[in-house]
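In order of appearance the chains are A, B, C and D, and numbering begins at 1 in each one.
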């Protein structure tokens, strides 16, 4: 009998970047054991539709107990634990396959939104306790990240007991050397933060999330 | 027979401020005629529950064809046309009645989110054409603004033909003189922007919104 | 006998913009009378060297009692009263004549810096009292604005009794409609702010500046 | 005969923080050997006057060939290589000894400013090449950091051949966990960046700085 699985996904680079921290984190944690669970990583294409196809295959083949999809949020300075995925694709730039949907639903018959089933407040509190900058975010944008987050939550709506959600991570330092003034976070810290986030999620399996306000004004 | 109504709401001041631009705009436009329509303004208390109670009374008594609720978004530099309201109250600070709900639903039995029924892309395009800074926003936060936006869309879900949505406006210049470095927008421009937004909404009654990408990266 | 003069300069547009608020303000106030003083406006080319040549001619022909040079600081949200000009030209982009000096002195034999002789704290305090966002700035950059500021102060070093300095102003609203998220300030407010700044300078002729801390952290 | 010395200073914590990255970096590099040179660290009090007294003693006792003073610049996301120190103390908050000078000169008889004698462009270029975010900064503020920078350059004006300057560093991650949205940089990266900056300075002893534009707009 195999160990229960944590599925951790990252994205391939996009928008001209040579790197994507989300993929680097997923690969860094691939195969690690967390208590009884084993992390399995997958890299998703940064393309509407195709990303969800790869995600669905991974969900089917690994039957995970916990899924966290990671994505890069350039310009943010913290680990961003996303609260909600919305049913809209609205691409500011073309995806890696050249598609640029504008104001189309992710799923024509789907609900307006899905909430993360991760303990988002506990994750943020735990990361901050460990000295790792983190916040809850109210928007995963309207590009491929939100698309995957929405598709993930839709797929998991029929899988009771599966914890699922999305976390945005900052640019790496080497990605901002020619974007003066932009924030970044070292890869070692990002990996440490995501590993801790996975552990906190496991601790909160079957337990209600913390109720604490953590917010920013906007 | 009376003129059809545009309902325009603002909020009373909160968080220690003496002013709230959303109220100033609503009052500035109260009673103005826009084609066949007359603007009726209401000022909502900045309090969970009570704000929706006042809004519901206004909806019942004015039976509007178009409703825009306005709120202040300190720190934003543009007119923010909100896309989506989410079913959560998560207050970073107490409201004006002292309540501070954390991660509670606006409506226990409601859907996860409602989309604005305003032509949000047309409003942003029209404001920019007029030299007025504006963007679509993917989050109205989780304080009383989002609460009212959600409650508004829920109430209008049963009123076909009613256009409804939420617009966030920046601080006024006099509100930032002791918040060095923060952006603001002159009241005259804010009033002009909201008046134009109302006009654009009326032009797009029964017409599909523009399909154009306008976004920012985050 | 002619009225004593206030010289107020703005810059022509640069960096692809069709407008420059500094020129619009200078022209709006050209010819206005402030007590015994008359405002004379000049528009400077946005070019190293040439700008100082035009400024020098204006100083010689108007023999002003007060000189304020204005420039555009895209990305700032407030009226920025500059404290100090430094002896360096370091252009991130070419000027309007195609020159792009890197780390060259404005004046080979000049001192490292000149301080403004305007009552910078009184100006900021007075603007804030009038509800107009303003701050003291410690850097006028290293482009043509700082170049003109340095050249102005050098020229006035030999003119006792002449008040001189530099004020940066934000983008106009119409300049940011395609720069989503960037701050701006309405022209009417900018004109009002600069007119008030001139009046405050006149009030403080021969009087020590206010001593009050007003700063931001950075 | 002893090894020639690199003097590297940091500051004690201030403004209620328990940490100051500048001190952590200086201590981390204390005693390290860089080619023929040995790093000697000193921690300065965050107090006007006293900081310069300790610095002067360190200069006298170590007779360094290279001096870099480090300071914390909360809110900046990069290593900030300062270009210029200005002759003004203007404290937004009291220093650690309770003093809060407003618009007083650092040195009554001193010049308006001193430029860094470090190869600031080479340092920024070298850090960026190594994937470490860095920029030249035109202002070290008007608090104790600028005070020390000015005092350092004044002291070194009479020491030909001594390279001297100031570098601001970001908050550490653990300092921003309760400052949501603020940027930070991991200590390991900060240490690596400063060590590399020291090495670049040594490489450029007696050599002209790179001439390259690197700037930001503001």
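Keep in mind that, in the parts below, a residue touches a chain if its C-beta (ideal position, glycine included) is under 8 Å from a C-beta of that chain, and two chains touch if they have at least 3 such contacts.
Bear in mind the structure is a predicted one, so any value in this text is a computation, not a measurement.
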Smallest number of contact steps required from subunit A to reach subunit C: 2
Taking each chain's C-alpha mean as its centre, the one farthest from subunit C: A
Cα-centroid distance, subunit A relative to subunit D, in whole angstrom: 38
Distance between the centres, which are taken as Cα means, of subunit D and subunit C, whole angstrom: 30
Mean-CA-position distance for subunit D and subunit B (Å): 47
Numbers and ranges of subunit C residues touching at least 2 other chains: 214-216
Topology of the chain contact graph, where touching chains are joined (line, ring, star, complete, other): ring
Of subunit D, residues touching subunit C in the complex: 73-76, 83-84, 86, 88, 90-92, 100, 102-103, 111-115, 121, 138-139, 141-142, 209, 211-218
Contact footprint of subunit D on subunit A as seen in their complex: 77-78, 127-129, 131-135, 172-174, 176-178, 180-186, 188-189, 214-216
